[in-house]
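Chain lettering (A, B, C, D and E) follows the sequence in which the chains are written, and residue indices restart at 1 in each chain.
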Amino acid sequence: MIEVRDLQVRYGGRLVADVPVLDVGAGECVAIVGESGSGKSTTLLALLGLTENAEISGQIGVCGVDVLTASPRALREIRGARAALVMQSPQAALGPATRLGVLMRRALKLHGRDASGANMAKAVEEVLLDREILRRYPHEISGGQAQRFAIALAIALGAEVILADEPTSALDVTVQAEVVGVLRRLREERGLALLLVSHDLALVSTIADRVLVMKDGAVVESGPAAGVLAEPSHPYTRELLEALP
Amino acid sequence: MTMLRAESVTLGYARNPVVHDVTLDITEGGVGLIGESGSGKTTLARAFLGLLTPMSGNIWYGDQTLKKSDLRKFRKDVQPVFQAEALDPRMRVGTSIAEALPRAARSRVTELLEQVGLDPDLATRRPHQLSGGQRQRVVIARALAVGPRLLILDEPTSALDVTVQARILDLLASLDTERLLITHNLAVVERLCRTSHVLFAGRVVESGPTGDLLAAPAHPYTLALRDAVPKLGGDPPQAKGRTEAVPAATGCAYRLRCPLAVPECERPPAPRDVQGRQVACHRAEDVLGVT
Amino acid sequence: GGQVRGAGGTPEPATSTATGTATGGQPAATRSGQANDTTFVYAPNLDVVTDWDPATSYSNEIVALSNIYEGLTRYNSQTKTTEPRLATEWTSSGDGKEWTFKLRQNVKFHSGATLDAEAAKKAIERTIEKKGGAAYIWDPVDKIEAVDAGTLKFTLKYASPLDLIASSGYAAHIYDVDAVDADGKKTAGTGPYTIDSWQKGKETELTLKAYEGYWGGWKPEQYKKVAFRVTPEITTAWQLLQRGEVNFVERLNPQLFAQAGTTQAVQTSQSPSFQNLLVLFNTAEGPAKDVRVRQALQLAIDYDGLAGALKGAGLKASGLVPQGLLGHATGMEPKQDLAKAQALLAEAGYGPDNPELKLSMTYAQGDEDQKLLVTLLSSALTKMNVTLQAKPMTWSAQWDLGKKQGQDIFVMYWYPDYPDAYSWFLNVFKSADKPQFNLSYLKNGDIDSAIGKLPELTATDKAMAEREYGELQKKIIQEEAAVAVPYVQTYQRALSSDVRGYVDNPAYPNVVFFYDLTRAG
Amino acid sequence: MTDVETAPLRRTLPRLPDRFAALGAVLIVLVVLAAILAPWLAPYPVDEPKPLEALLPPSGAHWFGTDQVGRDVLTRILYGGRTSLFIAVAVLAVSALVGVALGVVAGYAGGWLRDVIMRVTDVFLAFPALLLSLALAVVLQPSVNTVILAIAVTWWPWYARLAASVAASIATRGYVDAARCLGVPAPLIILRHVVPNSLTPVLVQLSLDAGGVILTSAALSYLGLGAQEPTAEWGLMVQQGQTLFTTNWWVVTFPGLAILVTAFAFNVLGEGLRNALDPRRVVK
Amino acid sequence: MLRYLARRLGQALLVVAGVVVLTFVVMRLVPGDPAVAFAGPKATPEQLAEARARFGLDDPLYVQLVNYARDLVSGDWGTSLRTRQPVRDDLYVAFPASLELVGTALLIAVVAGIPIGVLAARFKTKFPDFGVRVGSMLAVSVPVFWLALVLQTVFATNLGWFPIAGEYDSSLDRTSPLTLWTNITIVDALITGNWPIFTSTLQHLVLPALVVAAYPVGVIAQMTRAALIEESGQDHARLERALGFGETSILTKFALRPALNPVLSLIALVFAYAIVNGFLVEAVFNWPGLGRYAVESIRSLDTPAIAGVTLLVALVYVLANLVVDILQGFVDPRTRMR
């Protein structure tokens, strides 16, 4: 689903993300962890070509499309339809003046998908939301609902991979549990690939197959989740683990 | 010994109560205040600091209500450590710390900075030139400047990276002041507080010794909270009940989310003693049975 | 339900466009029709009518009312005599205290009533009673008698030129006292026009239509409709005139007037007025109490520069009384003389080597010509270490202050209510305990008594009166130096070139007698 | 009112975001220099009418021609800049001082005090600046000082509102609470913390408003309610030349352009500063 | 929502009360005696006394204020010293004409300003954006009275494309008289199907409306641009991009509505501003509106008339703000919560 080689992202010449290898296969869940400013979000956005005024080098393949050389049109076609994004701040990620249903219908039409009410309701119900939510505005729903709706969008569009940038860090733990639960279920039932960015090692350890640890833009350690967490080889990873209560 | 005590306080903004009839003692050994976002933790903290006047009820400082007490002494005794924008962005941090010190005692700034583990040279910097952890240390230093007996800590570390967070917690643990710690991180309370109170929708739903509380919650909300925390390498956290429902306006505020709710819950539960804890739940015994 | 704009108006028979077919907004004014279909459009710069009552009216509405109402006589500024109007002939007794007017026969008011001596008597008596506006002009009248239907006899308290008084543009109208309507719905005059429609605040505020029963009768080439289109901006008015959208503009600036002289579609008319500018010095208080200061100020005014900058809109004055009126004095043209002014100031203890002299001055807000005077005078005085603190004010504020003697120099225009020089002397220079228009606060017994004799002289011995006027002006201007008279305004009118028969009559400022006009070919 | 990001001034001030703002800065420097150096730059005395040289068209001797009493238009435009800038500075200084003082107190104190002050500003705000200035200018004698007073009377509430909203948001910041808990008295907190941190948006607003004040004062003078003869003022010049526009275009064109250029320069610079200092906009 | 409305209304009423007091205070400070202005320059002392009594100028100030407020409420806005008509009647004629002019101008401003803003935001930092920024900045910086003169001279006098002045050809009053319903000429002409007056009014409107529209077009374009750029930098725009929407459809489909919120609140302000700008323009174009009325009233120190205009404009402003507040609820659902 995602194949990254020698990715380097620079802002004004400053290297902020340097990822030699990052692969996510179908049905797989890969997590990127690291401290604030270590380049996690940047990496994620670069995958969809969403960074603004950044210089990017290397190779990025998403669902078989070479992101760096693809035409804007081709890029737009994979965005949403095949690779979907879920962001950190739940409500801010939804346009304030657009009803959720309207947003979903527009997105479905854009990609030529079935925009019938039934189809939309089905997607919404799949993430344990009431179909009535489609008539609401973003400010009328809670954070957890917003995140689940973002996931529902991906489902309705038939995305094959979900890129999630700290999807639960703005939520309470009880709500976080619910969102994580939905993600996990989708992965199991639909074989969705998941690329998850988080700073919560404990959370990552519970759902990710593989983990990348980033510090100051560089990947300092990567490997199967269990292995990395059990026997960290890099001192920074060790420090992270020790800091956990 | 109780230093500060909230007695049946109702707090709110512009006549909308957000904290209802809460009674809470700040006792020795650290007190934790846990609750989800918007449950009124900060509001309560501001009332303890005398920054917010209760709509009803009283804050007792020793044997006097806060309104009548000697505010100068109170200010010396109780100091806050907040997270957000706790430092004036245009003031050198040294000046910020010295703000409360008498002119003669300005030299203590160096001493204070060293006490919180900072290089005294940093005194001439402005907040934006410091890292998040350094900033938080400055805030603590400023609070310590007047020699308080009690620190009121409102999410002192939640915006920090875990590694930095751990060091700040160490620093806090090493201080010999009393503390009221507000957080939604259960692990933090476990470490720093002997007693804890769980707040839900502006009401204390459960209080007791932190260890007991987390080992065997007696309130369904405490239980959900505990089980939702991911454990390193453990199973994915579980959601118990519905998380989205807004707090109920009548009866038990938690009943719309509660997996154990029964018709009886439409009657507001009074706090009662269950196995050494104060719990406001009709089904506390059943909850204890689950754990 | 809706109401039709210009209610009371008479819509033209709707031949072309009642509601349907669009005519595409061609300016309808340019549509040619028969001559008597055309509307004569007058472009006033302010309100057309503020008072519909002919007894008290004392403002801009003189233009409209002079075409709706008539007096017993009318002043002819070219022959300088009064001419018959509602009175066909009149005689006065030798002592000037008894006047008999013969009234025109077969004159009907707009109300339908017939004009007779009784009606005329009632009208004048009502005007006197109302005490509004210019009613004071009838002050000499002691008694009015309707001798018979066609004869009106006045007995006066003191000799006065009653034929002149009766020609006044204000307060001398003869009207049907029972038909007066202050709301402007109907008119009570005998004149050639009546109201067609009136709506305050609209662009075309007032339209008049011919009174078919007018005693003078109607010819096809006369204008039977008149519209007043309020146009405050001179340039706009000028452009509308060029386009033929208006026919008459009462005043342009010198530059536009010059341009008008060379524009095909436009003709111009220029004639001296009876309105002059008075610069009154405070003779009672302050630094100007010193006659030398007043004389210096007189000499500091750049009379020729002012007249030059006015480019014909004003003519250098000679004395207080404008040309064309009995009492006008020739050879009194003032001249600037800065050296002499400086010398006088030095004598009075001012000037470059002495302390600064500050003089306060008030003048009319928004009057370009007065502003010109201020600009020139203040820059001339600055060089003599005199600072002119000139304040433009609205009339009422300026006048309020003036009545309290609050300024050193008061600038205003003066014109007579009826064409007689007496007005300048009686109102402006006769002493008064409570100043009304005596804003130089002059108090001189000799002058007062000389002024008192003027009406009788005018009525009885014109040559003697002429001499007395000359003497008085010398006293007031040269000896007392109570006033400087920089210029007499010149009326500069512009009108469409196809209008015939326009004669400017300065006795009726800004009035166009529409009945006298015809439209060429 | 939106709350305003109070980016520390020091960090961002020197950098203007783009060439557009730089253009404004350059224009302003030119306008200000021209005004300051007017006595040296002007080719003729400012107030010496020569009626016989009235209305000369632009030529080598009079670049912008002469006016209706024969004064050099270029000279009067240069001096007019002094009048306009003086008015702008005075108005903004007065309104900012009054407005910020009241606003900060209202915003910090909150409660009924804030309500009272805000209702009063609402009343003043209900009058568009020009309108109340009109009414005031009628009441007082028209002059430059009247214009300053009249405009300031309608302008301060904007600053009061802005300062109140900024101060209210600052009053909830942690450092203000901290200072209160340390026992710092309220007046000191206002002076030490609230005012300095409220200044950035006020400064931005000041630069944005300069153009507006210049336009308003010109409009008042144009209506005859502002500067008076013989003061050189652009709005007055337009008004006096108005009837001459079709015959002597230069009398109106140049003063009008002067207003346009100056207001433009200030507006551009103001926008630039706002973009640099205050990315989130304050709706005025 | 209802409670919010009620509170908002209460606030508005409070402001109106303040406006009345302030107007009264300002007007009582006028040095020229209104009685003098009414009775005319050559009035006798008796006439003056009568005028004083008529205006109640001999009562104590607070009595005058109470009377003033009571009269206002009962619809008596005083009598104009200049026109000698009830001020309310004068305003009733003048205000609709202003509304016509300002309304047209605002229509132009919205119809032109918002698309221009969208264009600039779409091509931000490119040439069209630069053009829009310079253009809109010039539009807000131009002195309207000057612009009015220039446009009138160029397009009416020299080129003859448009009529020079006036609201419509007044000779049409005779050929096709207009039935009044709203007193707003163009609206009445439209609803009664009076095409000659309609087209004539339209032609006469073009130049003055363009002049009045200059400032609103400028600010609306600027504000739209800025709000759109801000909105398109928000998190939700990133999600929309991630869903595959193009820049243009993000701007028009998602960002525009929330961005209109600040634009809307601006319109209330701009509306009042435009009425006042009309004061400067109406005189030049001889538009029979409030502005011309105000300017003439000011020149003749017509206190009741000035007070009337001031009050009316302030009321309109308060009302406009109220309407905008309510409208905002429709444009941006978030604001309904308050």
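Criterion: contacts are C-beta pairs under 8 Å (C-beta built on N, C-alpha and C of every residue); 3 or more make two chains touch, one makes a residue touch a chain.
The chain lineup, named per UniProt: A, B = Peptide/nickel transport system ATP-binding protein; D, E = Peptide/nickel transport system permease protein.
Bear in mind the structure is a predicted one, so any value in this text is a computation, not a measurement.
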| item | value |
| --- | --- |
| Partner chains that subunit C and subunit E have in common | D |
| Most distant chain from subunit A by Cα centroid | C |
| Farthest-lying chain, centroid of Cα atoms versus that of subunit E | B |
| Chain nearest the global centroid, as defined over all protein CA atoms shown | E |
| Distance from the mean Cα position of subunit E to that of subunit B, given in whole angstrom | 54 |
| Cα-centroid distance, subunit B relative to subunit D, in whole angstrom | 49 |
| Distance from the mean Cα position of subunit C to that of subunit A, given in whole angstrom | 88 |
| Between subunit E and subunit D, distance of the C-alpha-averaged centres to the nearest whole Å | 22 |
| Contacts with two or more other chains, residues of subunit C listed in rising order | 233, 239, 365-366, 393 |
| Multi-chain contact sites of subunit E, meaning residues that touch two or more partners | 31, 157, 295, 299, 301 |
| Numbers and ranges of subunit D residues touching at least 2 other chains | 224, 242, 245-246 |
| Touching pairs among all chains present in the structure | A-B, A-E, B-D, C-D, C-E, D-E |
| Residues on subunit E engaged by subunit A in the complex (per definition of touch) | 234-246, 249, 253-255, 257-258, 331-334, 337 |
| Of all residues in subunit C, those that touch subunit D in their complex | 233-235, 238-239, 253, 255-256, 258-259, 302, 305-306, 308-309, 365-366, 368, 371-372, 374-376, 378-379, 382, 390-393 |
| Contacting residues of subunit B [partner subunit A, same complex] | 36-37, 132, 161-163, 165-166, 184-185, 187-188, 190-191, 224-225, 227-240, 243-244 |
| Contacting residues of subunit A [partner subunit E, same complex] | 45, 48, 50, 72, 76-81, 84-85, 87, 89, 92-98, 103, 106-107, 110-111, 137-140, 150, 153, 157 |
| Subunit E residues touching subunit D - in the complex, by the definition given at the top | 11, 14-16, 18-19, 21-23, 26-27, 29-31, 125, 130, 133-134, 137-138, 140-147, 149-150, 153, 157, 222-223, 226-227, 230, 262, 265-266, 269, 272-273, 275-277, 279-280, 294-295, 298-299, 301, 306-307, 309-310, 313-314, 317-318 |
